[in-house]
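Structures follow.
Look for chain A in each of the two complexes below; its partner is chain B in the first and chain C in the second.
And now, the complex of A and B:
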């Protein structure tokens, strides 16, 4: 029995995939995700790594029907362009809401969900998706 | 430092269940070989393919195709730069020839997207994105292009129906392209009723999956002099952008496309207006408009309005039918584009539309402008 995806690969990316570790550039004051050693905007290596609150806003979204292998059971799948509180943007799935109820400007928060089931081994890979923000009183 | 193209060929993009990668690649050089006056004896073979490992469990593709072609003691390379692999391979050949490392280089682009079911091809297409952080979310260039379509339509106030002009024009253009995969007209109704891939994009906003192979023979000036017609590579350059489109500050300009095109025109020492024919990489409808605006053929947001009878400004665009209708067999696509503009300069492709032209260009990119290559060819005599 063989893995289609390396379990080690998912494990070593845990801070980025599960805790939304991102980069903040001390020189140009911009943030970006996934983290890199150099700023993607100004090229500076004066970078620090930070962790996101997990809260953001939907800037745009699409409902995807032609999904890749590994995601076919999630079809139709919503992919959102999400702007996080810390200023960086990322693409991720939006769940727990019907596509017709999603709108641009909607507040969302990161939730831990099943991402992919490995075809042959059945090993489940988890990751971050986004769900409508539940405001706590 | 120039190199010259003396021959090219292309098989019709189709489903070739009866041919493997090697056979299709070899099929593609039959016509090329007929058009040269000497035995085909390249000193370098460069193979462009995006997915041969995944589709055919095959590495070292260049060495193996050289073997089947009976070529020995030559340099072999396999090039992969996503969907821009074709022009990347041409750049390797051009560098080898113009640096005088070799006098003759054979470039073949080949991919076979009909060999696997569509969901597998969709998965392989997502490999163009960062495997650690982007693919894991199920994101591929399709979902990126769908987001770009929505942003483009909202920013510039277009309806989905307004975008129809692109696929309509491409299907019009492919009717008399001998190697095109799709050769039929489409109507506004068939456009709006085709299956949704990622809303708002439908099947007719995308390219068909198919098998293709195309080839070029690139040689030094002294070899080219023995031929009546000479076409030189005057400019050839490339550029890159962040792979993750969410991080781009300006989503509606492909900076890699713009940068590589500017560099290529500068290398060729010409203005944009000199180009009467350009083949662009239109993997999705919104990308076509963004590319046209990135290379400067239209102001931002104006491409859908300015496009008329496949002309924009003084240039004819995608007379082949583009990726949309000619097809997009990934690693072969850039080679098809060069085959088309080279043939047009010889007066053997779309002559009734173009007449005699001196310059033509092609633009070949991966995903939504993640990397982009451009080339300018000139008919020297």
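And now, the complex of A and C:
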């Protein structure tokens, strides 16, 4: 989720928040998110930054009723551990599906949604959540 | 005939899965139960609490880029046609562009002309592409339409969006052959700044606005381009409800068989700037190459544009690269009026 209410931080990180920019380690060939200058697995700095396709699967999920301030309207909130096509994992909110209809292994895609709305007059912060892939009818 | 050398390189649409039945709205407010049938609306799509014009426009745009096969860096302009901007001041187009990786070297703005702004963006795009000021442009028509609770507008005002990548003739899924525009000052529908819901001038909504402007735009296209109704395989009009498009089509000489394939409002409501374009997107997903489509968006205030658009062979390889309108029409999560009121923020309360 990693969503702090700091306009400057969110603005600086908009590629990471909007577009799932991640790191790929050329040495150990692994990917991780959020991106860093050094590999979180082998410590190498032989890193390149890439953008995710946005497609992944749900590995684990939980339903949160005690939602934090700013997210109370979204209750109950489904938080999932998503494994992306590119191999990295992240925690994110899953939307547009009833908790009882989610299963581990369900295919999801990254979607841009409102994360936090700052009162009546402040900024609207956008970021990535996950929704079930739209299937052919 | 005008010398347009532009086409639709890619298209994408997005309809939220939430649906409220028109019969629920009728029963809550004590309408005659026949009312939804009289205007032909069955149910409408409702945006989730964390959705708005920007998020809907982004999703439609993502699918449009997938179908276009165009890199985000090649987009030279982003226009968002909407009458439900999340911010009164701060463009929606810049958020959508950055979130898609479109380069800073671009035009970006939001256009407002009720339901017709995205159509004006198509005409601006044609000139940008023809003058080579942009290789491709991204046109978004998206809305989370507002209606005062209990107003007859509430049956149809819905949420959804369509995005088109406009480019040259190479690789176009459909070629824009010709277009015509017809715009006047007509007070059929408006919303003052800071007013939460629109007003509509009953005497103006039908004949002087919708019918007069669409008919004049289409007749102008026919006269300048030398077309007649038989030259078109499909006709898509702005669709504020299910009935008006069939009526305006009949007046122009189109049988309902040519209109029904692009008529989506009865099932998802009027998505405003997405309205006619949603029908157009659906036809691109079904029509044979070589088919000619009449597209006539309309916006209150009032104006209409008419386009003659011919589907090419490229449409076939692009169709399956993103979800189709029909898939999204059929994907439904039903909600009752209480949940709809929460999702559209119609409940007075302290916000935490």
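Note that in this section the second predicted complex is superposed on the first by the 126 of 137 C-alpha atoms of A that agree within 3 Å, B and C clash if a C-alpha of one lies under 4 Å from a C-alpha of the other, contacts with A are read in each partner's own complex, and residues count from 1 in each chain.
The rule we apply is simple: a contact is a pair of C-beta atoms (placed from the backbone, for glycine too) under 8 Å apart; a residue touches a chain by one contact, two chains touch by 3 or more.
If you're wondering where the values come from, they're calculated on a predicted model, not measured in any experiment.
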Checklist entry - For the overlay on chain A, clash or fit between chain B and chain C? => result fit
Checklist entry - Touching A:136 in the superposition: chain B (first), chain C (second), both, neither? => result second
Next on the checklist: With both complexes overlaid on chain A, does A:72 touch chain B (first), chain C (second), both or neither?
Outcome noted: both
Checklist entry - When the shared chain A is used to line up the two structures, what angle, as a multiple of 10 degrees, is there at the CA centre of chain A toward chain B and chain C? => result 150
Next on the checklist: For A:100 in the superposed arrangement: first (chain B), second (chain C), both or neither?
Outcome noted: neither
Next on the checklist: Is A:90 touching anything from chain B or chain C once the two structures are fitted on A? First, second, both or neither.
Outcome noted: first
Item to check | Touching partner for A:81 - first (chain B), second (chain C), both, neither | outcome: first
Item to check | chain A: partner with more touched residues, chain B or chain C | outcome: B
Checklist entry - After the two structures are laid over each other on chain A, how near do the C-alpha atoms of chain B and chain C get, in Å? => result 10
Next on the checklist: Shared contact residues on chain A, chain B side and chain C side combined as an intersection?
Outcome noted: 69, 72, 74, 115, 129
Item to check | chain A - residues contacting chain C, complex | outcome: 14, 18-19, 51, 54, 69, 72-74, 95-96, 98, 111-115, 119-120, 124, 126, 129, 134-137
Item to check | Touch list for chain C against partner chain A, complex | outcome: 16-17, 48-52, 54-55, 58-59, 62, 86-87, 95, 98-101, 323-324, 326-331, 333, 342, 351-352
Checklist outcome for this item: Within their complex, chain B touches chain A through residues 118-120, 122-123, 125-126, 130-140, 142-144, 146-147, 150-151, 195-201, 242, 244-247, 249
Checklist entry - Which residues of chain A touch chain B in the complex? => result 9, 13, 16-17, 32-34, 40-41, 60-72, 74, 77, 79, 81-82, 88-93, 115-116, 125, 127, 129
